[in-house]
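Labels run A, B and C following the written order; every chain starts at residue 1.
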Amino acid sequence: MGIMDQYIGKLNSLRFNNMFQNDFFETWTKTRDELEAVFTVAEALKELRVNNISTKVFDSGLGISLFRDNSTRTRFSFASACNLLGLEVQDLDEGKSQIAHGETVRETANMISFMADVIGIRDDMYIGQGNKYMRDVAQFVKEGNADGVLEQRPTLVDLQCDIDHPTQCMADALHLINHFGGIENLRGKKIAMTWAYSPSYGKPLSVPQGIIGLMTRFGMDVVLAHPKGYEVMPEVEEIAARNAKESGGTYKRVNSMEEAFENADIVYPKSWASFASMEARTKLYVNKDQEGINKLSKEMVEENGKHIKGWQCTEEMMKRTKNGSALYLHCLPADITGLSCDQGEVDESVFERYRDPLYKEASWKPYIIAAMIFLAKLRNPQEVLAALERKGIKRVLDSNCCCCK
Amino acid sequence: MGIMDQYIGKLNSLRFNNMFQNDFFETWTKTRDELEAVFTVAEALKELRVNNISTKVFDSGLGISLFRDNSTRTRFSFASACNLLGLEVQDLDEGKSQIAHGETVRETANMISFMADVIGIRDDMYIGQGNKYMRDVAQFVKEGNADGVLEQRPTLVDLQCDIDHPTQCMADALHLINHFGGIENLRGKKIAMTWAYSPSYGKPLSVPQGIIGLMTRFGMDVVLAHPKGYEVMPEVEEIAARNAKESGGTYKRVNSMEEAFENADIVYPKSWASFASMEARTKLYVNKDQEGINKLSKEMVEENGKHIKGWQCTEEMMKRTKNGSALYLHCLPADITGLSCDQGEVDESVFERYRDPLYKEASWKPYIIAAMIFLAKLRNPQEVLAALERKGIKRVLDSNCCCCK
Amino acid sequence: MGIMDQYIGKLNSLRFNNMFQNDFFETWTKTRDELEAVFTVAEALKELRVNNISTKVFDSGLGISLFRDNSTRTRFSFASACNLLGLEVQDLDEGKSQIAHGETVRETANMISFMADVIGIRDDMYIGQGNKYMRDVAQFVKEGNADGVLEQRPTLVDLQCDIDHPTQCMADALHLINHFGGIENLRGKKIAMTWAYSPSYGKPLSVPQGIIGLMTRFGMDVVLAHPKGYEVMPEVEEIAARNAKESGGTYKRVNSMEEAFENADIVYPKSWASFASMEARTKLYVNKDQEGINKLSKEMVEENGKHIKGWQCTEEMMKRTKNGSALYLHCLPADITGLSCDQGEVDESVFERYRDPLYKEASWKPYIIAAMIFLAKLRNPQEVLAALERKGIKRVLDSNCCCCK
């Protein structure tokens, strides 16, 4: 009996054929089966790697990345995912390109994709812009492939946009699945997605939106809390409400961190910018008013400052959660009181207590991204997983490997 | 019968043994057979890839790139070509290097080449500089190999210099060969290489020079047109005239876009800077007068402005070509009237009509670069093509691949 | 009999099991056997490559680099070493990361390491900082692996810190071993590590410190010479003295280049900054006083200027060495009188005469780095070397390779 059997068996029970030759945008545009296929492949790839078995399904090919916002962990997660599958990362650095010289998005998308199997984009700072841009790119390369310009259709993976952060939230969910011992055990668990005070900068809305949009798929009791003015996009709240209804969970919004944390199994306290300032920032961006953006950025931090009280994940606050020991989540980096700032999202003692689980939460992201690519590019994932195990090429050569590679 | 047979047969009919362990600079320093070998290998590599057969001939090794001018498509074409053959790209970013601290070109060339199989350089903005620099680098690593410093001799591929743009023009030519159904069908075709108005910046001369230097090899009727002052290098015109004579074609210069377009089968309207301003820029560069360069750059655009009339590829202008439907070429990105600028090189409707062919034209560049490397690094290209097909390693793993890689 | 036999035999005679799953910091924290194991594996890897046999021991995996100082040769050496072994380089560019947004070193170290087999860091400009930072990173990823966050423990390779420059000095030593025909022939040879005048910038102390710390391991007569004020770290001098005693060599400090060069077999004249200015720079760095650093940098060069006389490796100076023909070493780039500056570390004629040996000296660095990784990541290096030869995968495909890869 092989180590891939349970994963292949699980995949056989799911319908996900629409994922082949497709992209990965918001989680709510994927079926529950498709999400489970991602979790399953992510765990299968990890199992192979832990057993020193190569997961390279590409002999050559490029993974293109485009980061329109600074990034460490997502950049390295994407690079790790590509490397895991055999793709070489090529970063599209807009500063080094001729984009300023009048290349259109359609043209650039095709020109970088002649050998590209995947394109990963992060574009999260401007409401109404990032997701749209990614969908344009995906559409252009789909047409490029249909028109015979591109030999393959690169799959687009949303590495964070203005609406969702699917690779982050799927990694968060797989962390919960592992922590609670199965996806069925998430049913009825209370998760508090709450705003938290930050002195650093005006952060995107994609994490809270992604969390309420995804966690409501699993029958959880999802609670969103934030100060007045820090609403998320109403469309996403509607999706969360509908998801909850369909999955047998609940979704509600409350007005304080205290109420949200009350008896919660999981808490996700995290800062984001106010909706009005996000909209203002987009207008300035469209008008290319960088000075205005800089000025607004300062105001955003000042605006946060009105909500220092009651919006920090302190030890006191944690005591309100179930048995005082809810699982603490964060997408990292966090603003840690007494470590990275005077007052921030979370007390240092709370953060320190959950550091190991937080790092493990993050460690799923490369596998989630790899699974998204795997399912988009391979017609029969089950057979390929079986083939990888059967071939058993060592990731790191050892002395037992002599007669075959 | 294998899919490589026709390509191997063609290669067997050509003499190209001088390409082994050699570089690729101007097309006119290569024989007609050598150019055809590049076209043949480029098509063979594409055929393998389309059939999902790996074209990796390097198990490890580096492809070094050095871009002294912004670049998207050439950067990605070089990266794609290297990846296709199994080389990892390492970019020499002069800003991050110690070059400012007094490294000589000889030293740097050797220091970056210990594991380098190919070096690709773009250095196109200064007349008399770029090509010379590349030839220096090529000479230094050749000596480094001869002296036992380098275990291999890296092949140098000119990714655009002040004199020629061989990877672009060879891709353009292979596009024409495919469009017209064979290299023999280029004979007698009229191609108009013309200046066009651009409001963006002072562009290098290497494309018009490369086109008249290459297309005259195939018995074509090559016409160059530009406003007074926008002459290309006289040495290259001499080469074009000689080529035309030898190949049974013609080369001539005319004074208007109208005349050049008249009954043309192919048009290549594209902006470049005036010769005097290019020379002035080089002097400023040698004197490290960046302020002077910035000032001159503005003047170059103003100078272009004197020739707005009559130098745009409009629908009216296209009607003059053969049956009003000449094939439109461009190296991209183009300055498109109404899209990227108020008035530019080409009408939006013309550009849009030819978008698919233009993208396909560009799609040959990775294969052209890969073919140049292939022919420079492999002693017996025919046998290696046969071996690649016989081994049949899948580029993307599929379920049929289980007992062998 | 195989080409790996002599290397495997040598390794069998050495004890180096502590290197597995370990890091490479200062050479003096490694045993003599461990140093010899690095030399042996470096030569074995070169032998395989020269014979066109693949040395890829990783099927996938990342090599992370972090350069806090400009670099060409070390950057490319690290990239070459990783490529040689099958690892893809991913550069942590602190400018593009979120590090400014409050990531801790522990967090960043783990977040970039999910698929990392090696981390190479250069951080050499601030006394008391660079080595400490690297040790922190190494400790954090070791804990990350122990805590189940990382599936492997990335090995840390010191690519130059404030204390040592082990990859440079080990490459220098392997160059000497090859030049003099064996490590045993280094015994009794006199090597002069001397300060030399430079007009360029305040260079780190790690090369002179690394050289006196390493060359005293081999029974050599090691002499250090520098102007007053240009002392190296006293701890390292103590180590050098102890090493010399243990190895049967000598270590002493003299006050002039003339005295140091007298009858020397090997000379290593090279500039570095005065100790007081290095300490001052560190204080400014800790206080984030960039303006102060810039001002100090100018003063450092002025301070150097007081010692132009008597501290240049001229032809006259070289005549003092054994038979006037000591082997000249330099880590490159050198400040060459009449070439890169008016007056500098070395006469152009001296440098030119030794250019080939200098380039060969540098050519060992990729192999030294690869050997450090090899010994840290593979449990049984001898068996893996044997397996690589037995499998005999071609680095560059040729026509003889058809039935197997």
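Here is the rule we go by: a contact is a pair of C-beta atoms (placed from the backbone, for glycine too) under 8 Å apart; a residue touches a chain by one contact, two chains touch by 3 or more.
Quantities reported herein were computed from a predicted structural model and do not represent experimental measurements.
Touching both subunit A and subunit B: give me those chains, sorted by label.
Shared contacts of subunit A and subunit B: C.
Taking shared residue numbers divided by all residue numbers at the interface, is the value for subunit A and subunit C over half (same) or under half (different)?
Different, since under half the interface numbering is common to both chains.
In whole angstrom, how far does the Cα centroid of subunit A sit from the Cα centroid of subunit C?
Between these chains, centre-to-centre, one finds 40 Å.
If you look at subunit C, which of its residues touch at least two other chains?
Those would be 56, 88, 393, 405.
Please give the residue numbers of subunit C that touch subunit B in the complex, ascending.
Contact set of subunit C toward subunit B: 46, 49-50, 54-56, 67, 70-73, 75-77, 79-80, 83-84, 86, 88-89, 200-201, 332-336, 339-341, 356, 359-360, 362-363, 365-366, 393-399, 401-402, 405.
Provide the residue numbers of subunit C that touch subunit A in the complex, in ascending order.
Its residues touching subunit A are 56-62, 88, 90, 92, 96-104, 107-108, 110-112, 114-115, 117, 144, 147-151, 377-380, 383-384, 386-388, 390-391, 393, 405.
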